[in-house]
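Shared between the two complexes below is subunit A, which has subunit B as its partner in the first and subunit C in the second.
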Partner chain A sequence: MSTHNAVPRRVLLSSLTAAALAGGGQRWALAADAIKIGMPVTLTGALGSIGTQMRQACEFWAKQVNASDGLLGRPIELVIEDTAGNPSNTVRKAQEMVERSGVRLLTCIVASNEALAVAPKLTEWDAIFVSGDNGDGRLTGESLVPNFFRPNTSGPMGTRAVALWLRDSPMKKFYGIGMDYAWGHNSMDVFAAEVKRAGKEFLGAVFSPTGTKDFSPYITKIRQSGAEGCYLVLAGDDNNAFLSQAKQYRLGDKIQLLTEQVDEGSINAVGDAAVGLIGGSRYSATLDNPANKAFVAAWQKEYGRLPQMFEGDQYQSCIVLQAAIEKAGSIDAAKVRSAMENLIVNSVKGRVEMRACDHQGEQAGFVVKVVKRPGMEHPVPEVVATYPADRITPPCNQMSYDN
Partner chain B sequence: MDFLPFLLVQCLNALSQAALLFFLGVGLTLIFGIMRIVNFAHGTFYMLGAFLGYSAAHLSGSFWFALIAGPIIAGGVGAAFEIGLLRPLYRRGDSAFLMVTFGLTLVLGDITRLLWGVDPLQISLPNALGAIVFLFDEPFPTYRLFLAAAGIIVAVAIWQFLERTRLGLLIRATSQNAEMVHALGVNVNLVRSGIFGIGCGLAALGGVLAAPMVTASLGMAGNAIIDAFVIVIIGGMGSFLGSLLAAVLVAFVQVFGTYYFPDFALAAMYLLMLLVLMIRPGGLLGKEI
Partner chain C sequence: MRGLVIAAILLAAAPLGLPPFATTLLTEALILGLLAMSLDLMVGYTRLISFGHAAAYGLGAYACGDLLIHTRLPLPFAIFLSASITGIVGIGVAWVCTLAKGVSFSMLTLAFAQLLYAIAFKWTAVTGASDGLAGIPRRVGPFGLTQFQTRNGYYYLVLGCLLGAYAFCRVLVRSPFGAVLRGIRENEPKTISLGYNTRLCKIAIVAISFMLGGLSGALYAPFAGFANTDLLFWLFSGQVLIMVIVGGQGTLLGPIVGAAFFMLLEHVLSQYTDSWALFFGLIFIGFITFAPDGIWGLFRRRVRI
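Now for the complex of A and B:
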């Protein structure tokens, strides 16, 4: 959930700092001792809902660390500023954090174009940037800089999981519906290529203009295509409208609906209409490992709901950063960097290895299905397939796969 | 799918969409016809209806209650707005109304955001409306049949109201010559407030009915106001029958246009508007401008 309230920046900043410190009581005599984490995060605008999730994950992590013994015996202080998703804003705010607040560690930058704008500055700032959600393949490819690390799942890795699932699935014929602009067409092309590479049939696709309200002609087309699976590249209100109407037409009874990335905001909006949807996911609260179970339990106690996808992904990045600082015994950029390389962490998504060659975290990939669980208000994405890190992570500095 | 069942299914689809467009357009055209005000906030009342409907359905557990409560509350807000803010402006020019109703879209939009948050909300349907019927072995949502029926019922009701009741007579008379009606001892202000409230309430009814298909979201308002203007312009400003005709025409062009020429889905409605305006500049049943 994003907010458009104009809270004065200073007030926001100091109150959040106070909130982060309050978690540990007044154990630390001087706030100057604190390890400052800079968060130039998008809280307003189109990506505000993602930024809000990521911020919450960082706050949760900081509170957890401060409630125990801190990090290297020091409290964590989050320095939060809203960038509104504008890359030049992001660079300016990050620079302010570095120069005025002495920040040397950055995370929680939402959009990839913001991350790409910040990355070239890191050496000059002598700062480390740990991505929490940035997907663009170039960040660990042609645009890689020494002080950038990506413990989260990248965009190509997300698509890869769905592509691998496609190969194993018994379905043979596919159709697609996408939003009629660059993203819809690009994603559909990638999907069509994957279908063909799997030796299956792509029957075609239809594109709906952004803001479409009546999907009945499209639903008729999908039904008439004779496909077993239909790939959806829809977002926001359009996605909600499509899923609601597809449910009213019982489209899912005959055709499996697939999507690039299962969006929890949509599940919460349309409820039962999302049940049965299969797609990629970076993180699911239902992942079965001890670290995740502890995380989900603590999160539920704190917020009374399950953690969502970007919350889990950002939290893992925070844990990786924490492990690197502990290993380095310092927050000096050079020391954190060498500690981070080849670091292995077992966190909420299982084993992550921060490989030295391109700073990408090698980790498993997931495909989820939206299911209804008794006792839960909304349907939840449940993992139906897990692919090992060596099949999900692309070769060093690459964005595509050999097979 | 054979051609005949296909045709039937698509016609029913078009009628269900026509109903939603009609609820949206008829309020705007009535308000313009009587008051000569272009209500820029009309789309916002459509959105407000959806959110009010969500809360009413959520609190009472009944979709039917939401269908009544949503439009009545939104209509009340509309009437109160007319009395409080529009009435002092009747001696001013048209631009004043445009500014004030545009301001209302911003204020109501932010109030909605504060009260309901930014996440889209879904109104769940009672079982009878969430079911499907089979038409020539093709599953068809009962909700769309219900929408088409609701459109016909409301259209007939408004028509009878305008033609057969004393209030309807006053409304028609006011639209012809407000000063004369006033001179005859009728409280014209009351008629205006009433029609503004009814118009906003009809938009809100459209919003409640659209919510189960598109979810209640803040983006509804901007989309709806454009559709409403298209309907009113095609049908002719101020013409009740024109808005009905335009809604049906636009819905059929959209449904069949999207099916046969998906690349032109967005353009279909505007091409229709262009065509109508070239032949009849005042709209189908409007006065020549």
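Now for the complex of A and C:
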């Protein structure tokens, strides 16, 4: 019965949106004209903080577009639903957006396993999915589907930036700590291979179960390893717990802590304990280019703070999608797909080229260091090295690098 | 009986009158209904409270996913083979779990489900670990049948399995064997004293319950196109138990209604609030306190008056 009731409610919702748009002094005559962007986004659970950043970036973008002339003269309407990070919810909600709300464009899916679950359905749905943060190398490799595009930095690209930085660093011996599941082991393998390729020594790694609260035995092992650098593949609460404890044990004084990805969420959570951490970053508000300066200024005016990493990355994906729709002159999946291939956009991270072979956006990679800046409430990541797109982007359909 | 026939006809006609997405939702509701009904055999009829029924679902889903990805087996065969595999594993599980009674039995079922969860998390080659199995195809059926690949075709496959399983369960619980199960539920020592091997009966019903749970998991994998560790998580076991209790235990049909109610309520509530679980918790407490017979009990009371 709920199904029957839900349909008129949805109609009511969209007409409310229409009324709100009309009442806001907008030019749009009919909300039916709106370009709907489906966002099955994780807002609750372990990845909720990332999803919240990504949603905000999309909302900011939609507001910007709607405040000017819209896209193809049509307003943007975001269809947002929480998936709680569960792929079965994500598929169901995305399917609902497609079949009931007529959505043909999807973005803002947070976790890679959600993205991997949605991708095989895209052809059947005749929908385009533009990744805003999904890192799994397989999405543009073995699991690539024609309607998937990744304008953001992938996981292998993030690791690559750190690896390139390693080659130039004076450190010789490395150790690692990772979460004991697929992501932790995969990332550690990639890192170990990169260390060896740089002609340096990888002394070994420990893996902690997900949800570890007390890292002291692991910290002892890291200390005893005799390494100069320790690579962290930790996320969320585990990462915060480790960094806080590492500071108590003054681990950072002896060993340089490195990580695949420096995320402001955890910096804000642990504060000074993150200072000194070096890692890859997909985006930093300190990037020096005109598009980013305009974005940061507008963002600060709107929210009174700097944009964070996933906000910048998702925003770039929105800009790429916008450019593709403008080039295609339509939101028809086939037209957007051919417009997207070989599309070149200059956005907040500089130049992005959506290569046709595996739908990965070629772009620069960054390494940042967390520093304390006077006048700032939290420590901030500062770019210490930038690598050009041709050194960061892997060969087509691949997750590893030849050199 | 007449009500049942009407319900079956309504369900069979549903895809013709419903919008596409409603059919998709209904398909998932029926799959979950089959799972809840299989748990009802244990919980409602035999008072074997399982906290680990997600094990059956996940096992069926992974087995079916792997069969469809790695072999050329047609869809219906893969589904039934997965159900059989789950049933066979169920015999082993039952043998161990029935060594204990009451709360200890529940804890053993939970432990077993968590064991499977841990294995699924580690065994990357078979389960895809934390990423799960994605892109599970709906292979063409035997003799080149392509009907099951469509939305409505798959719905009828699920409906067929549910109706078949219901008929089987209905016969089962009304048979002498079903009477022994109710005997175990009401007073196990007395049933033993009447000369029944209650342990054997319990093993049988757990295995059957696993087989039907595995069938629903096997239907889910190609429906969603993927399987992941969430399907084995203890939280999901708890949800299935809630479906059975909210629907009305010991009625077979009640849990099916409970599953549909749970899923649609979650779906509708989560559109309006992020804290939908809170409201669902309140509804659950309400049912336990004011309507222990569940939705089915309420419905029957209303009809009798």
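Convention: the second predicted complex is superposed on the first by the 332 of 403 C-alpha atoms of A that agree within 3 Å, B and C clash if a C-alpha of one lies under 4 Å from a C-alpha of the other, contacts with A are read in each partner's own complex, and residues count from 1 in each chain.
Everything that follows uses one rule, which is that a residue touches a chain if its C-beta (ideal position, glycine included) is under 8 Å from a C-beta of that chain, and two chains touch if they have at least 3 such contacts.
Computed from a predicted model, the values in this text were never measured in an experiment.
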| remark: Max touched-residue count on subunit A (subunit B vs subunit C) belongs to chain B
| said: A:Tyr181 in the overlay: touching subunit B, subunit C, both, or neither? Say first, second, both or neither. | reply: second
| task | Give one of first, second, both or neither to describe whether A:Tyr249 is in contact with subunit B, with subunit C, with both, or with none. | result | first
| said: Taking the superposition on A as described, I'd like to know which of subunit B and subunit C A:Ser131 touches: first, second, both or neither. | reply: neither
| query | Touch check for A:Asn152: first (subunit B), second (subunit C), both, or neither? | reply | neither
| request: Applying the touch criterion given at the start, work out whether A:Ser225 contacts subunit B, subunit C, both or neither, answering first, second, both or neither. | output: neither
| Does the superposition put A:Asn86 against subunit B (first), subunit C (second), both, or neither? | second
| Now for A:Ala117: first (subunit B), second (subunit C), both, or neither, which partner does it touch? | second
| Shared contact residues on subunit A - subunit B and subunit C | 2-3
| field | Residue ranges of subunit A in contact with subunit C within the complex | value | 2-3, 5-7, 43-44, 81-82, 86-88, 91-92, 95-96, 99-100, 112-113, 116-117, 119-121, 136, 143, 181-183
| query | Which residues, counting only subunit A, touch subunit B once they are in their complex? | reply | 1-4, 48-49, 180, 206-209, 211-214, 216-218, 220-221, 223-224, 236-237, 240-241, 244-245, 248-250, 265, 268-273
| message | Quick check on the complex: what are the subunit C residues that touch subunit A? | response | 18-22, 24-26, 28, 121-122, 124, 128-132, 134-135, 224-226, 228, 230-231, 264-265, 267-268, 270-271, 274
| remark: Within their complex, subunit B touches subunit A through residues 1, 6, 9-10, 13, 17, 110, 113, 117-122, 124, 130, 132, 139-141, 143-144, 210, 212-215, 217, 219-220, 223, 254-256, 258-259, 262-263, 265-266
